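Multiple structures are listed underneath, in structure tokens.
Across the two complexes that follow, chain A remains constant while its partner is chain B and subsequently chain C.
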Partner chain A sequence: MAIAEDTVKTGPLRESIGMPRLHKVIFLVLLGLALLLPYGVYPVFAMKVMCFALFAYAFNLLLGFGGLLSFGHAAYFGGASYVAAHAAKVWGLTPELSILAGTVAAALLGLVIGALSIRRQGIYFAMVTLAFAQMVYFFALQVPFTGGEDGIQSVPRGDLFGLISLRSNMALYYFVLAITFGGILLIYRIVHSPFGQVLKAIRENEPRAISLGYQVNRYKLIVFTLSAALAGLAGATKSQVFQLASLTDVHWAMSGEVVLMTLLGGMGTVFGPIVGAAVIVTMQNYLATFGAWVTVIQGAIFVISVLLFREGIVGVISKWLKRPL
Partner chain B sequence: MIRNILIGTALATLAMNPALAQEINVKLGVLNDRSGVYADLSGEGSVIAAQMAVEDFKAADKGMKVEIISADHQNKPDIGSSIARKWYDEEGVNAILDVPTSSVALAVADITAEKNGVLINSGAGSTELTQGQCKPTTIHWTYDTAALANGTGKALTDAGGKKWFFITADYAFGQSLQENTAKVVEASGGEVVGNVDAPFPTTDFSSYLLQAQGSGADVIGLANAGGDTVNAIKQASEFGITQAGQKLAALLFFITDVQALGAQTAQGLSLTSAFYWDRNDATREWSKRFMERHGAEPTMVQAGVYSGTLQYLKAVEALGSAEDGKAVAAKMKESPFDDPLFGKGSIRGDGRAIHDMYLYEVKTPAESTGEWDLYKEVATISGEDAFLPMLEECDFTKQ
Partner chain C sequence: MFELLGVPPQVLMGQLLLGLINGSFYAVLSLGLAVIFGLLNIINFAHGAQYMMGAFAAWMLLTYVGVGYWPALIVAPLVVGAIGIVLERLMLARLYHLDHLYGLLLTFGLALIIQGLFRNYYGISGLPYQIPASLSGGYNLGFMFLPTYRGWVVVASVIVCFATWFIIEKTKLGAYLRAATENPVLVGAFGINVPRMITLTYGFGVALAGFAGVLAAPIYSVNPNMGADLIIVVFAVVVIGGMGSIMGAILTGYGLGLVEGLTRVFYPEGSAVVIFVIMAIVLLFRPEGLFGRAG
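Coming up: the complex of A and B.
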């Protein structure tokens, strides 16, 4: 009886393992839009949206599907951006190797911090991750290679695989698009794999998952590390786009921003984080001329979204359509 | 883009024939903090200062059409750099003004060089702008941390403050500020009797201040900025440190901070500034007009935006075009300036504007006649003494 109820709640199993047609269509439409986007909007802005979309998506993997609220994701995002910027500028690595270096660094950091913080749950877990992120921030502030509050500046854009120049915004845009889309599809695959099903089971009822014989902590650590690595991928890519790495990316406010993006877009939905990131980054960018009002408007929108549509933008649409999005 | 090139070529052709000179289009972008900690010392005031420069230059009468736009970089380098890129790529901005916060300023300096614009920096203090990361298109107008350290360190030591104790913010900026000042103090015959690193940010400075008080130093140097300095000064006032004979020196502090603290709390504080509204008739006249529009006296950053814009417009007028940023910057460096606010000076090959700096002491409440009557001049530091020497590889006039 209980098992039957669970199946009803999470929808038919067949649908969650293969990609439902609706999702396929949306992904294709998104890809089509993204391919045409740089002709309509400013490419650097579009790249920024994509980096944050991937960041929010990686965060959503942990929060929406793993049920773990980390309040220190800036550590992986910013940490990877420092490593990638340093690799490209000082070691002279090509962009794809720099990004890889940043991602690996973030994964290792995630593995260590994850192993220590998953021992606690709920608010304690959030606080432990925040504490570690603050340590990373302090490290970035103090060590010489990060350049303190000046950050690492004038990171060269370099040549992809040593062949294709990424100096033009357009070339870089399609490179970033490939990374972001690849990352997002990877996360989609992870979520809809048997591993993802176990994650959801743990999120819904941890004691039951343990009683079924799952090594819950091992699953949590893997998803934490994956999420950190993908957040790192986003941060490393961002450092190549903006040619800089700075304290902004490791600051706790960045950890807060990604929570905001995920919640606004729709926690635990497939397309929510992308929408959330696009909304927040667009606001920061296009409202910059309003000065002090940017933060006020951002706050007001957050309050409205929490009061009126707690499931987030995509969550509400999904409810209307009665289909998971 | 093609249109810009066409206009550029058209203007270049016209410039060769002054009789035919037509309207020169200039677009200036004021990029600064409009919502955070630097909003008071730069913010909207800098936009007003830039507008006043355009009006005082009588740009319209000279056939120049100058447009000013502004944005908030929220002190984040990625936001600042995307705005700067967009301004150059899509809005046709010719020069970016102000840009406080070193990390944002360095990012914008990079993009400006790439896009051949001009960055006239007034708000940021990093010496890197004209030293390690110098660019042919960067002009650094108002101050830098070396000038502040030189001003306060040298002038105070010469005035008898031989023994120094530093309270230093424990990060790169604080450490370098302390190091620079300590060098100057020792070169002027003073000694550093001790220092203490305070974590950044700190709200309770009492234990550091007691240590400084007990050190027997003549001068307590505050190698920190913003909120940290304000907190330290407030607590020093509670301990009566300046009244007991020790001098308190803020190494990076602005008149808006002093005004917010009030003469009662900040009295006796020593600080270096490039500009004070009540210094002479010219600064008073300009500041009065600024006050009418902004409701506050100008800071040195806002004054620097005014003067930098004025110099920029002169160079554009002489060239007849604002399209080639490198040429405009080179033109600005060509002849010395005599500025109503900053006096006589010149722009060095590396883009560093050389002008006098002043050491001020905050008046006591009895001396102060109004909420903005805050400083008395103690010493003048000549431009040659104040700023760091130019690096050979940064002398763009020779390249």
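Coming up: the complex of A and C.
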């Protein structure tokens, strides 16, 4: 370990281990586009895309790099959105503190559920996470502070750090952009850190990682908690954007949606979840009037992706360009 | 009459019966999941949707064709099972060489499609299905009133569960099945058509879900979402029991139904989550499940 780190700091390897130039260029282009986006499309829609992009990105950290399929990520997304909405509305906290409160709550929830769930692998892991998320859903349905079927409505947007008003959509947009971009770069950094390399080793061959002396369960728990916290960050931010926390965000359908976004964009790719989230949210937006057909179409995308298109959109492009994206 | 912990016996017995009925559905559904998992190694996420299709098949047979409950009890599971066989041949069969999680994702997509289609055509308000005349009414057992149909649900589910257990554990066909679960390549080498066996097993598991759906039709209103939440509870049941044993799946199903009924008497607020809490406790102390094999 020590030797490898020294080489990284001083040797010629450093360039190849840092962010590849292609990724840098794409991130800069995305940032440039995102800065101009609210002049082209409705800012609330753009913010919705960004919240889901961060959500899917956090989910991909767990699935794409940790190899763990959680079918209950709505619990952290929606749970955090309730806590953040409650903090802003009832406790009167500023937006950044409300979002922080939601994120911390999601991290704690992820820590507890993760510690139990990683005791089973594969298919059982997926079922356990789904069942726990359903428990969170019932909890949200019954406890008084979530407002049951109504949810927490008209959450005030407030002033950032108590100074900058976020009541206009434009101001809020750049705040959300900063959170999303910061979150995504953080996850990128985690994936490309030594910790991320161990995660990939566990994903590829768990018994071997154990035999090499890694505390596999500790790594899994850490990545689960991180993923839950960042999914929570996305959900908490969404509650500030829509000024609403509702049962939709904790429902199992939401857990399915984030799986779909990641699968469609490309599991384990760098840009896949962003693309997947953008496609799915845009589709929902345009098909909103078709009611239950949206569910049918989402199901069809699932089936097609699994049968014919397992690399996802970005995975296919990446294979085409012969570069990891 | 005596009172137990301040609860009148009628209330207690009523809730226990309700629990036993829920348990019947848990048992039949988790049994189907276990049968499918045993041979195909996938979790059939569409199981809830197929249960709903069973109920709708019974309703459609009655409404459009005028076929009553008793024939529907046979025909509806066959129809749903046949649809399952088509899905297995067209889609699932292409995924066996991949990670098992893809099977889960595919069947989840199928569940969304099926539920979405039924929602489009039938809405979510639910359609009534009459209890058949031969099973209406009830018996006064002295300590409680037993509606005949509810008693029938318990009896029918026990019969189906026992028959399935018997086929798998005690017959030659079941022996082939268990052998193929252990080592499909070797069983194939002995001249058994394993792919066909896999297809029929999936069809059988799906038919079990359809059968449960027909049983449920007169009790719960027939609606497109009836399976969606139920299947998540059944997943928890399956995690608690472990899918290694057929009898384990059955016993866990009935047992958890009863526990849920008891919870509804003594702590109603907890009844929706008690199964998930038990799942957490089981994961803590016996992660492989009550009847599961370690490893």
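Keep in mind that, in the parts below, the second predicted complex is superposed on the first by the 290 of 325 C-alpha atoms of A that agree within 3 Å, B and C clash if a C-alpha of one lies under 4 Å from a C-alpha of the other, contacts with A are read in each partner's own complex, and residues count from 1 in each chain.
Keep this in mind: contacts are C-beta pairs under 8 Å (C-beta built on N, C-alpha and C of every residue); 3 or more make two chains touch, one makes a residue touch a chain.
Since we're looking at a predicted model, the values are computed, not measured.
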Chain B versus chain C as contact partner of A:256, first or second or both or neither: second
Which of chain B and chain C A:295 touches, first, second, both or neither: both
Contacts of A:285 with chain B and chain C, given as first, second, both or neither: first
Touched partner set for A:132, first chain B, second chain C, both or neither: second
First, second, both or neither for A:147, with chain B first and chain C second: first
Which superposed partner A:213 touches (first chain B, second chain C, both, neither): neither
Per-residue contact with chain A, leading partner among chain C and chain B: C
Chain B versus chain C as contact partner of A:246, first or second or both or neither: first
Contacts of A:40 with chain B and chain C, given as first, second, both or neither: neither
Chain B versus chain C as contact partner of A:194, first or second or both or neither: neither
Footprint overlap on chain A, where chain B in one structure and chain C in the other make contact: 141-142, 291-295
Interface residues, chain A side, partner chain B - complex: 42, 44-45, 48, 141-142, 147-151, 153-154, 238, 242-244, 246-249, 284-285, 288-295
For the chain C and chain A complex, residues of the former touching the latter: 37, 41-43, 91, 94-95, 98, 100-102, 104-106, 108-117, 119-120, 228-229, 232-233, 235-236, 238-239, 269, 272-273, 276-277, 279-280, 283-284, 287
In the complex, chain A residues that touch chain C: 69, 71, 116-117, 119-120, 122-124, 126-128, 130-132, 134-135, 138-139, 141-142, 252, 256, 259, 263, 291-296, 298-303, 305-307, 310
Chain B residues touching chain A - in the complex, by the definition given at the top: 34-35, 39, 43-44, 69-74, 76-79, 81-83, 85-86, 89-90, 102-103, 106-107, 110, 126, 128, 133, 170-173, 200
